[in-house]
Every structure is written in structure tokens, then in C-alpha cells.
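Two complexes follow with chain A in common, the first pairing it with chain B and the second with chain C.
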Partner chain A sequence: MSDSPTLSRRAVLGGIGVAAVASAGGFAVGQRTADASSDSSKGEAQLAAAAIVPFHGEHQAGIATPVQDRLLFGAFDLMTDDRQALVSLLRTWTSSAEALTQGKPVGTDDTTPEAPPDDTGEATGLSPARLTLTFGFGPTIFTIGGRDRFGLADRRPAALVDLPAFAGDDLDPGRSGGDLAVQVCADDPQVAFHALRNLTRQAKGTAVLRWSEMGFGRTSTTTSGSSATPRNLQGFKDGTNNLRGDDTADMAKFVWAGAGDGSDWMAGGSYMVTRRIRMFLETWDRSTLSDQEGTIGRQKLSGAPLGATAEHDTVDLAARDAKGALVVPADAHIRLASHSTNDGIRILRRGYSFTDGVNPVTGQLDGGLFFIAYQRDPRTGFIPLQRRLAEHDALNEYIQHTGSAVFACPPGVRPGGWIGEGLF
Partner chain B sequence: MSRVSTPRLRARSGVAGVVGAATLAGLALAGCGSSGSGASTSGTSATKSGVHIVKLTITDDGCTPNPLSVTSGPATIEITNTGSGAVTEAEVMQGDKILGEAEDVAPGLTGVFSLTLQPGTYTVNCPGGSGSGKGKLVVSGSTVTTQVAEGATDAVTSYRAFLEDQTNRLVETTAPFVAAVQAGDVAKAKTLYAAARPYYEAIEPVAESFGDLDPLIDARAGDPLPAGAKWGGFHRIEKALFQDNTTAGMAPVAAELLTNVKTLREKVANVKLEPAQIANGAVDLLNEVSTSKITGEEERYSHVDLVDFRANVDGAEAAYQSLRPMLTARQAALAAELAARFAAVDKALGAYKSGPGQYDYVSYTKLTSADTRKLSAVVDALAEPLSQVSKAVVQ
Partner chain C sequence: MSDSPTLSRRAVLGGIGVAAVASAGGFAVGQRTADASSDSSKGEAQLAAAAIVPFHGEHQAGIATPVQDRLLFGAFDLMTDDRQALVSLLRTWTSSAEALTQGKPVGTDDTTPEAPPDDTGEATGLSPARLTLTFGFGPTIFTIGGRDRFGLADRRPAALVDLPAFAGDDLDPGRSGGDLAVQVCADDPQVAFHALRNLTRQAKGTAVLRWSEMGFGRTSTTTSGSSATPRNLQGFKDGTNNLRGDDTADMAKFVWAGAGDGSDWMAGGSYMVTRRIRMFLETWDRSTLSDQEGTIGRQKLSGAPLGATAEHDTVDLAARDAKGALVVPADAHIRLASHSTNDGIRILRRGYSFTDGVNPVTGQLDGGLFFIAYQRDPRTGFIPLQRRLAEHDALNEYIQHTGSAVFACPPGVRPGGWIGEGLF
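On to the complex of A and B.
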């Protein structure tokens, strides 16, 4: 079942925190929605029917939330070293996020003829589209060039490490890093664009957009029971064995930072790694089917592991064919990425396909996977996994990592609070 | 087509409409006076929404009726040309100052302009006719008080002084530039080109309010031009000097440029201004920076874009300074924020100075994309709060 009310119920069980919202007295359903009830007894089913994902909760929305159809990711650079200006921006973004996720416009005044409207207006009349805004802090918010910019240096979590260089990286600084991140997800790209555009406008003078990436065709299943595993641009099902957002035990173990992890203010938060992974689609497309399947370790059409018959069949990494060769090759992507070969390490992938048009040098398609992963600690999550993949994965012949960033995403916001409040 | 040439800042974001309403509604109206109807067969006076409608007819002699009489208050002068084309213009003057005018009213066409009339005697001038061309307008009644926002008059006075200063400098710097072009001195003309540019760029939104003048003075290659006009003005000469390295054929273009900047100077003296328009003009100036200076489009042959950039910001800052007392009284935090943001732009732009002069800047070609991106960010950071000023000053 993939009906929204069902998903929403699971979301509640997963601890996303609808309860926190309801206890705040309910909320007015956005003016963009047909159902304008503000009845505090409204349940998650009604919220889901109105395509609203609650902004408030124990954890930020957009991590365990069932993955939406579209992404717009924005990384910002701060233009100031004024701590108060940063706090002010986070407060403004919080109230905007509260409004936007309910389908409401930002600001208060769109009608004074002598002034530009507060809201840019392109989402007026559209559904809230399950919009989520997930905020993160980059390492450079704590120190930049050894300088303590905002008096926050001693608050930097040990887990927020600068990512090491990995074999084969070809990182563009213009598509990497950032002081602040906003992961915008929605089922309607215009709703997502509207959200990031208005946050960018409100940031003028304090922060400036450093890079952004638009994503489509969600590439990872993040909730159990979803009807079909989506496919990436290589045509393969992706995320079959992904950690599930509604698996409370695994989320607590692998994704949510704990109170005892070393940084109190991050308890209930998570660490996000993003990688812009360009796929050499032209060379991939002229590889034989068996090469493609051997590279991934799965059958292209069914998604079944090599040697198995159905997508969700157990992967038998030890299986050998009649000649004694491994059925899933030694350098196949699923073997190297499997938690069973990585000391049980798991991460929550939440990536999207992207395209930026045509590569100006080659004239080839510039597209691939905008990889997003959430984890409790990158030092035991993405970093060891990627180190292994970067050195051995057969897929490396067809991909190149061209952008990279890491962010500490603080816990969720309670009503009346603001994003990252605990850090300051 | 007749063209209303009463100076009016261009209608941007609905501001012009609101300002217009304020101008009319804010006036205490005296009753309809009326005169005229017996004095002439073609002149009538009536009121519409409290505004006197004064009909004036252009003939080959000049214009009738004469004298015109009307009661003080806001008035709209409607002009019809029944002549053969010898006279196409009508203006209301006080001494040698034009209060309002309609130009290019060809035979069979009508023109219109509005103004607020205080008691007194004015001249109605319809030049070019076989008669003296001059008539009298007698305004009776009491002095009209306009309700203007606290500080608005000072703001307008201050900004007008800036406009007059800049247009004087524009004429003073364009004249030697034009002379060098006419003398065929390419090297000297190149030097003088950059010296003349700032004083136009600083007031461009006001210049744009005069219809054809802006394209005649400042059109770039490919920009739309007034009907029948050939590409001329600063950028035509810029192309000749900096791309073709010649002044060939430019003497008449230069002469016309000088005429046009002098016309601009005259018109600026009488332009109607409202605080909200001044504020939005400042935003327009920064929009100019964002769209054509940071990209290097404006000065594509000479690459003096940073000179224009500095001048656009100077113009915006002059507007802000004129409005600052009003703004401080209403929204002190916004005024303070703007002061800091102007300072940030000054600092960022200051890194590209090439000499001690106000407009000594390096060539646009020296900028990297990292430079332009940084400059763009500080301009955006200033323009966004600046766009909130018009709302503050009308409330």
C-alpha cells in the first residue's frame, strides 16, 4: 500500500512527531489547500490527505519521511561573522518553514501596492505537496581557515568531520561544501523551488546560495511496504536493501545521533553527506547487459540479485557458478556496498537523479545521482563505505564524484523553537 | 500619436498609480469656477472627480481661448490641434519655468497633461504660431494646500538638488567629450568618454521617465529605438572609439548627444517627484547594476562598467540619503540596515579602485567570476531591503 494515510500512520509510529504538533493546538491548514480546518483533533490521516508533513517534531522532517518525488537542494555561504545575524536568519527560516510546509505563503504582506510582495507567489494555489525542509550546518560554520567565526568552535561535533579525499574524486568547489544546507523535498517541483527561492531571498545580506541541485525520480526506497523500488538513471532498481525510515530500531541505531554521542545539541539529529555523482551515461549505454548487471550485481529488469529470481530475495554473496566463479562478482557494487560486508554498517540513502543539461566540454549528458545519506556518524557510516567503494567498485568505470558536502542536521523543532536553537 | 510629456517617473510596481491618486486626492479643492465658456467657442471648463478639465485648442496662430480662467486646484489640460501643423506644443509656464506641457500634438490629435494650479497669473505658450504664441492663464481662488507626508517635501527638494547637480555635470562633461569626437581625437575622446558616463548613470531612472530621451542617449546595440531614430548616443560613439578605433561619421551623432543631454537637464528641473518614486528609482538603479553592469553588458566596448556601477550606487545612495530622515522616523532599523548594506557595497567595490578619483576603477575585463559573484551578492543584499523603503515612506 502506498496510500498517503497509511504512510502517515507509519510516520507517526516512526516517531516523526505529529503528536508534538497536535499538542500545540493543531494548525491552520494552508490557504493553498481546500480543507481549511484547524481542528486540533485532526489526525495524521487528514494531514496526509492535505499533503502536509508536519514541520515540528522530535526529528527534522525530510529524513525518515517517505521520500517525495522531487528534490531541490541548496547550500549557502554566510556573508557575515555576526552571530546575531545568523540566529536571526535561522529564526526567519523557521517561521517560513512552518508556513511553507502547511502550504502558506511566507511573510505577512502581499497586498501593499508600493512594495514588493513578501511571498514570490508561484506556489499560490498549489498543494503543500508533502513539502519538507531539512536544515544542516556545515563544518565551516564552526571554523573557517582556523578562525572561530561565531564563537561556536567548541560546539563542533566530533562526528562532523571534513570528508577525506577519496580515490577518483574530481570535486568542483563550486558544487561542494557550504555553511548551511537546506534539503527541500516535495511532490511538486514548483513547490520545492518556491520554498528555496523564498528562503534565499530572505537570506539576502546574511547568506548567499553557493550551489544548488534539482533532483527527480527518487532513487531510494525509504519506507517499507512501498509498492515499487525506483530506478536510477542507469536503469537499475536502487535502494532495495536501503535502511527504512519507519524501522524505528535501525533508525535509532544507525541514523539518529544519540544524547551520549558527544554533542548534546545534536541528540535526535543526524549527519548528512551529499555527493554529486556524475554518471557517464553514454559509455554505460553502450555496455552490454551482462556487463551492466555484473557491475551492479543485480538483474536489470527484475532487480533480483544475480543468482536469485526476485528483487527481495536474499543476496547470496558466497554463491559460485559451475566454473567456481562468484555469481555476484568480487567488485560488484552490491557486494561492496552491502552491510553484510561492511561490519553491519548501515546508512539511510535519500538520493535523487539529477541533470544539469549538457557537459560543456564533451557535449555529453551531464546527469547522474545526487546522493544523500543520513547517518549517526559519518566516521562509521559513509566514510568507510565510500573508501571501500572508491577503491574497488566496478561501477567507478561509469561514474565520477564531482561534488561533496557534509552537514550536521540538528534535531527537530518544537513549536515556538527555532532551527539549531540548541547549538546557540 | 500625441504623447503626454508631463514628466512622470515610469510606472513601476504600481507606484505611479498610487502616487497619482495621492496627488489628486490629497488636494483641497476649490469649487468649480468657470469661466471660459463665454470667452471662447473652443475653451470650456468642467470638473471631473474634483479635477478641473481645461480644454485648449491649438491653431496655426497659437492657442485659444486667451485668456484662460480657472479656479485653483488640480487641473487637467486637454489639448486639441485644429491647425495645419505649424504649432504642435502647448505648455503652461510660470516665469520661464515649465509647469506642464504636451508636445508633438499633431493636427487632429489630442494631448493632455495635469498640474496643480495655485492662484496667480501664468503664461500659456504655444510656440511656432503666427501670433505671439503666448496667452494668459488666470487662476483665482485660494491657495491649495497639499497634504504631504512628514518630511516628503524635504526629501523631494534634496533629491531634486541631486538631479540638477548631476545633469549639470552631465552637460559639462559631455561637451568636451563631444568636442574631442568632433575634432577626430580618438585618444582624447576615449579618456573623456568615461568621465561623462557617471552623471547619466546616477540618474538613469529619472531620465527613463522622459520617454525617448533614454534610448536616444543610452541605447545599446540592438536596443529598441524611437520610431525613425537611428542608433546614436553614448554607446554608438563608444563602439566607434573602442571597437572601430575611429571617430569617422560620429560628429553629427555627438552633436545630437549634446543636444539630448541638455534637453534632459531642462526636463529634470520640472520633473514631478514623490518619495515612493525616489525609493523605487533607487531600486531600479541597483537592478541596473545586477542585470547589465555585473555582466559587463553595458560598456561592452570600453569596459568601464565599474564606473557605471559606482554611479548607479551613488544615485541609489543619494536617493536613500534624501529619504533617510523620513525613513529613520518611521523605520529606524531599516534605515540602519541600509546604511550598513551601502557600506558593504562601498567596501566591496572599493577593492577595484584604480586611482584616487571618485570614478577611477579597473576595467571590467580584470574581474573574475569570483569577483562578479561577490559584487552581485552585496548588491542583492542591499537591493532587497531597499525595496522595502517605498512602502515605509508612503505609510
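On to the complex of A and C.
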């Protein structure tokens, strides 16, 4: 059932789980769990072998973490204005995330015959599968219809702006927005499903799922030196020039909110933008290789920039062919998205391919890219970038944005703490 | 991107791909491909290492094959009554299946700038991921509305009956039936998506997708001695007493159509029933552990039959407790589904968990089981079994069948042959 990792939840329960060692960019912590009898001297290597990504740290896991294979994203609407109910939910979710990321069940009781089990059980026996749970707060948690529902309005970060309308948007409100977000990533989709399902159960009475999206294939590389850049459903390598989660200087500059950025409670956090991008695959598939490569600005097979020979060759946006035409066309995606043409703007992409099943009009498989990007400030990150792309990108002929959301993802949780506590 | 296998398509193209060695129950064949320069002495071990399941054989792959982790199922409607167009499609699909299962692109040309590439490209660089493509013919390929559309009416196997209505069915026609079926299984969902997408493109003008279903987690074990029985979304181990694909005697008796069964062209084939079974997960999750275990007839954690101690212990359906009550309740799923209470009926299950995303009524994640079963004859396989379950199974409180289809899956293809050629 599980994908690559071989260590089962049972093995994890028996052997590891009491040591949480910080991932890159985090800090070392020692965490006690119910498994007090276990050896607490396990280090980072053993956690990796057990496919555990530590939940605790300076930053939330699931941002700088090397991208897992699968995604299940959930956005929630709060059904209450009771601040204590919200805090209680965040505390419960924190506790569950601590357990789930270690491959343990949620709750404490799965064995009382006359009670419903706390955990739904479908991940029992599976590897932790590098599960990460990354939580975010939408603008509507601060004010909704002008109303300060939780007494948090004055805590809203200036960077958490409502996204403006972009040219070509065709947004479905039922696939956009949300008060709370949970980005669930794992190498095994059943582990991801189990995690979001149980968080959703625990939210009952306080929050309900507004929308969800399953991503079956990652489209970004976020680690230096990783072997291969994955391909998106257009068949092109995606993310060649992405930021790298292990580049701490770039992450500090472009991704992590700083202490001086205006909202202290967000220091060490990041702002997440999600865009559900439908691809007109049938149209794309009927376009010529030359058109496809000119649209993207790269060769399809190698991933090399047009005019170059290898994927990671420098993009020469000034190059012209013998006839004087730009080698990378003026409206090519990589030209318009390049940080060299965008005042140095860089964002960390972490998207996944999705499918909607059958397109009833064409009778072909429908699908696209569930785009996720993290940045220090959307006002200087996604927004100016997307404004330019939406106006000029040749790719717009083949795609449409059908869902949109923005969330403030608070910093990581220290042992004993809870998600977002700095906000309250 | 890929799950467990590490050999990429490029490595496969360079090293293997010219030898196809039969899987269990098949026969040894030697196949020439465009890669004539490659070493043709590779054997079964190398194919396994390359994550290749041979396409050619006595039986179609994807039935006895050890269950892969992921599913993408497609059912097609034919848009033509032209028999030659249908034959041409089957020949094209055969050729594509030969390439895809070896990790190669479909078609021959992905490099002409002024033409659309034959292959969509999103699986380039990925492992073959044990891809199998299993093809089937629905009843409507023989007659539709009483009309013999392809001149095949007198070739319809007696065993390919229309499934009767069962108690509790709530079937969506848009998720049921179909003229042609392709069961795509692979350990990497992107490899499965790529395969079905390209077959669908190649069908353009002849057939369109009627429905599809993505399965994110297998729920059956079909191999003797495999390490762990997977769990379904109810959290229970599923498939403990399933038939084993490597048990040739049982497969011959229960799964493979025989030469004397009435339709010669189906000898070595099998009949596939699919049922999309929605689970009322929220109701299930609120029921007590005792209710859940009594409904299934097994312990949730261990998978042991009630009254026993280990998963593979013999089920004692006659056992009674101190008060004289049946230990395995009269309406427990395993009692009603057991071959010992069904005249020895056995079917090979090959189901997958699916999710529909958010249930708009409950605000919880929706999902269920995409049930696939293979048998020698549905009239003595799925139909009597399901009739009994639909009437009496305690599980009916928690599930509903929302899609249904039946297909005749012809025998395997020999080199140079094509899928279903015996029918035409």
C-alpha cells in the first residue's frame, strides 16, 4: 500500500517517535510522547529512514521540506464566531498533527468496544510517508463582511491582502477562499487522505470543509541537486529555476516572513497562494511541438531553455536568431515569469497535477495544475508576477485559473505550543 | 515523481525493452522493438527490476498481476458503427499498450517541430511503474437498443449478461456501463494518467470517455504470502480471503473462461464487474467499534475473524458465545460473502479506494471503494453473491452502489496480435 518507505506504523510506534530533530532551517528539540519507554536518542537519519518529517520547528514543515509525491489540500469554513472554539480546534489539530506525522493514530482510544474509535484506521500499518501538515489562516478569519468575528481584525497582517482579480480568471467560489487551510503532503495518498479525514472529523461543529483538491503528481523540485525535475501535464519539466528549500539565504529573503515585516506573530511564517489552474489539454495536445516549446520557452524533452542545450543552462533572454527574432519569444512563459524580468521577484512553488476525470464536452481526461506558492509577501510576490502573466503569457491560451486562495501560514510550533498561538 | 521503482524510462529505453517474458500463467515470447540494438537476453528478474509487467501472454496482465498501488479506470462509448474503425482502434491501442507497459512513449514521433507530438510527455523519465492495461468489451458492443451495430451480436458470450438490479442500488448512468473499458493500474498515478490520456487521444473520432475513476489506494491482496492486507476507508483489512492470482488451480477454476464455456474467443479471458461503492463514512465513523466489528465480522485492528486471534485464522461461522449467540453475527459481511455459505462461489477482487472530495451535505471527505472483480462467469460469480449481500448484509447501512458495469475481457495478446482479435 505505501509507496517507497518500508517502515510500518507499527515499527515506528515501537522504535522511534520520541525524538524530533529539526529539519533544515529549524532548531533541535526534544519531545516526549506517550511512548516514554522508547529509545529517545534517535537522530535525523533514523527519522528519515522511518519517513518521518518532524512536525516541530522554527518553520512549519511542508514549505521547505523536499516535495512529497502526493497532495490532499483542504480549505475549511468556520461555523462559529466563538474564539475559544477556534483555539480549541487549533490545539486539537496540533496534537493530531504531532501524532499523524509520526505515523500514530489521532486521539487516545481505538479499543473501547462501545465507543467509536478516535482514529478511522485506514492508515494503520502504513509508513508515516513523510507526512506534513501545513496550516494557514485566510483573510476571512480576521474580518468577514466587515465584521471582526474573532476579535482578531487588528492582528491581520498587511501582507495578507485579498488577491485582486486577474485577467482571464474564471474563479469558482466553491473552489476558492476559506477561513483555514491544511496542506497535506505525503508520499502515500492514503496517508494524506487519512490525515485530512481525521482533522475534518475533529473539526465537526466548529468548521466544515469548503473545498479540497487531490494532487497525484508533484510538479516542483524544491531541493538542490535532486535528480530530476518532474513534468506537469503539458509534458514539460516544471520548476527548474524554483527556489530551493535548503537555500537558507534565499528562503530568508523571499519566503519566510521576518520579525520586522509588521506582524510579529507571523515571523518565521509564510504566505501561501493557491491557484487551481485548469489546462485545456486537448488544445495543447493538438498544438505543434514548436508552438508548445515557444509558448513555454524551453525544449520539451530536455527542458533546456530555447537556444541552450541543457536544462540548467542559463536562460539568455536577449539572444536573437539569424533573422533577428528573439530566441525565447517575447510572450514565452519563462521570459515573463523569470525573476530577471520581474525586479528579482522569487516565490517558492510547490504545485501538484490534478485530474477532474472526464471533460463532458470533449470526452477526454481533464486536469491541470494545483499551483501552490509560498512567499514573504504576496504584494511583492505572486500578485505582480501573476498580473504580468495574466496579461501577456502565451500560456494563457491553454490554461484558465478556476480557483484561488491566500493564507497566512504562521511559524512552526514548539513542543507544548499550538498552531497559530502567537495570533491569539 | 515515481513511487518505488528507481529505473527511469530512459534507462529502460537504453537497457531493456526487447525481451518480454511471460508472467505467471503466460508463455515465453520474444518481441522485437525499435530498440534493436539493445541486449535481448534480459529475463524476468530484469523486467521486474525495471518495473515492467509483460503485456503479452496467455491472459491479459492486470488480472492475476500482483495489485499495483494506483488505478485509473476508463469506460468509453463508441461514436461509430464502423467495424473497421473499431478494429483499427483496438490495433492502435494494442500497439500503444506494448509501448506504454515498457515505459516507452506512444506513437513514433515526438520531435518534428511542425507537428503535435504523438505522446503527451508527462511520463517521460518516469519508471514503467508496473503499468498494466486490461481491456474489456461491454454488452453494448454486441447489441445496443436491439441493434447489431458491429455485426457481433451472435458472438456475445452467454456469460456477458446485463447485471440485474440489486436491492439498494442507486446507479448513476453517467458512472455506469460503457462499450469499452480500460483498467489502468500502476505504482505511479502519473504513469496511469499518461496511459489513459494517450489511449483516449488515440480514440478521438471513434470513442470518447464515458466515465473514469481514480483509485488512490489498493484494497485487495492478490498474491500468496504478500506481507500485509491493505485497509479500506472503513479502516478494515480487505481481501484477506481473496483468491490469489498465483494460485493457478483456483484461477483456472474461478477466474479464467475456459475453452468449453461456450465462447471460444473468450477462452483465457475473464469477466470483469465494476461497482462504484460510496461509503457513508461519517455514519460509519460515529458507530462504535463493536458495531463496526459486528458489521464486518472481523476485529478492526488485527483483522482476525470474530472469535479468532489472527487475521488468517479460519472463520468459524458456527461458533456461538456463552449466551448462545452467533459469534459472527447472522448479517455480518464476511458470513454472507464467504464462499462456504455461497455454494463455493469465489471471485478475484481488485478494488481501490477513491475519494469524491467534499460531501456538500456533511462538509466531510467523501469516498468509498471502487470494486473490481474478475470471474469465469458473472451468473455464478458476482450476481448471486451480490444478490445475497444486497438483501441481507449489515454493511448496507453504511454503503451504496452508485455505479455499475460489466465487461468481457478477452484473453491475452500474442506478439503480432491485437486485443480482442478472436472476436472479429
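As a convention for this text, the second predicted complex is superposed on the first by the 380 of 424 C-alpha atoms of A that agree within 3 Å, B and C clash if a C-alpha of one lies under 4 Å from a C-alpha of the other, contacts with A are read in each partner's own complex, and residues count from 1 in each chain.
Quick note on the criterion: contacts are C-beta pairs under 8 Å (C-beta built on N, C-alpha and C of every residue); 3 or more make two chains touch, one makes a residue touch a chain.
Every value quoted in this text rests on a predicted model; they were computed, and no experiment measured them.
Of the two partner chains, chain C is the only one touched by A:218; chain B is not. Of the two partner chains, chain B and chain C are each touched by A:112. Counting residues of chain A touched by each partner, chain B versus chain C, the larger count belongs to C.
Using the contact criterion defined above for the overlaid structures, shared-chain residue A:205 touches chain B, although it does not reach chain C.
Of the two partner chains placed around the shared chain by superposition, neither chain B nor chain C is touched by A:252. Overlap of the chain B and chain C interfaces on chain A comprises residues 112-116, 201, 204, 208. Residues 13-15, 17-18, 276, 337, 341, 344, 377-378, 380-385, 387-388, 390-391, 394 of chain B are the ones that touch chain A when the two sit in their complex.
Remark: chain A residues 79, 112-116, 201, 204-206, 208 touch chain B in the complex.
Residues 1, 3-4, 8, 69-70, 74, 77, 110-117, 119-125, 187-190, 193, 196-197, 200-201, 204, 208-214, 216-218, 228, 230-236, 281-282, 285-290, 292-293, 300-301, 353, 355, 357-358, 362-365, 367 of chain C touch chain A in their complex.
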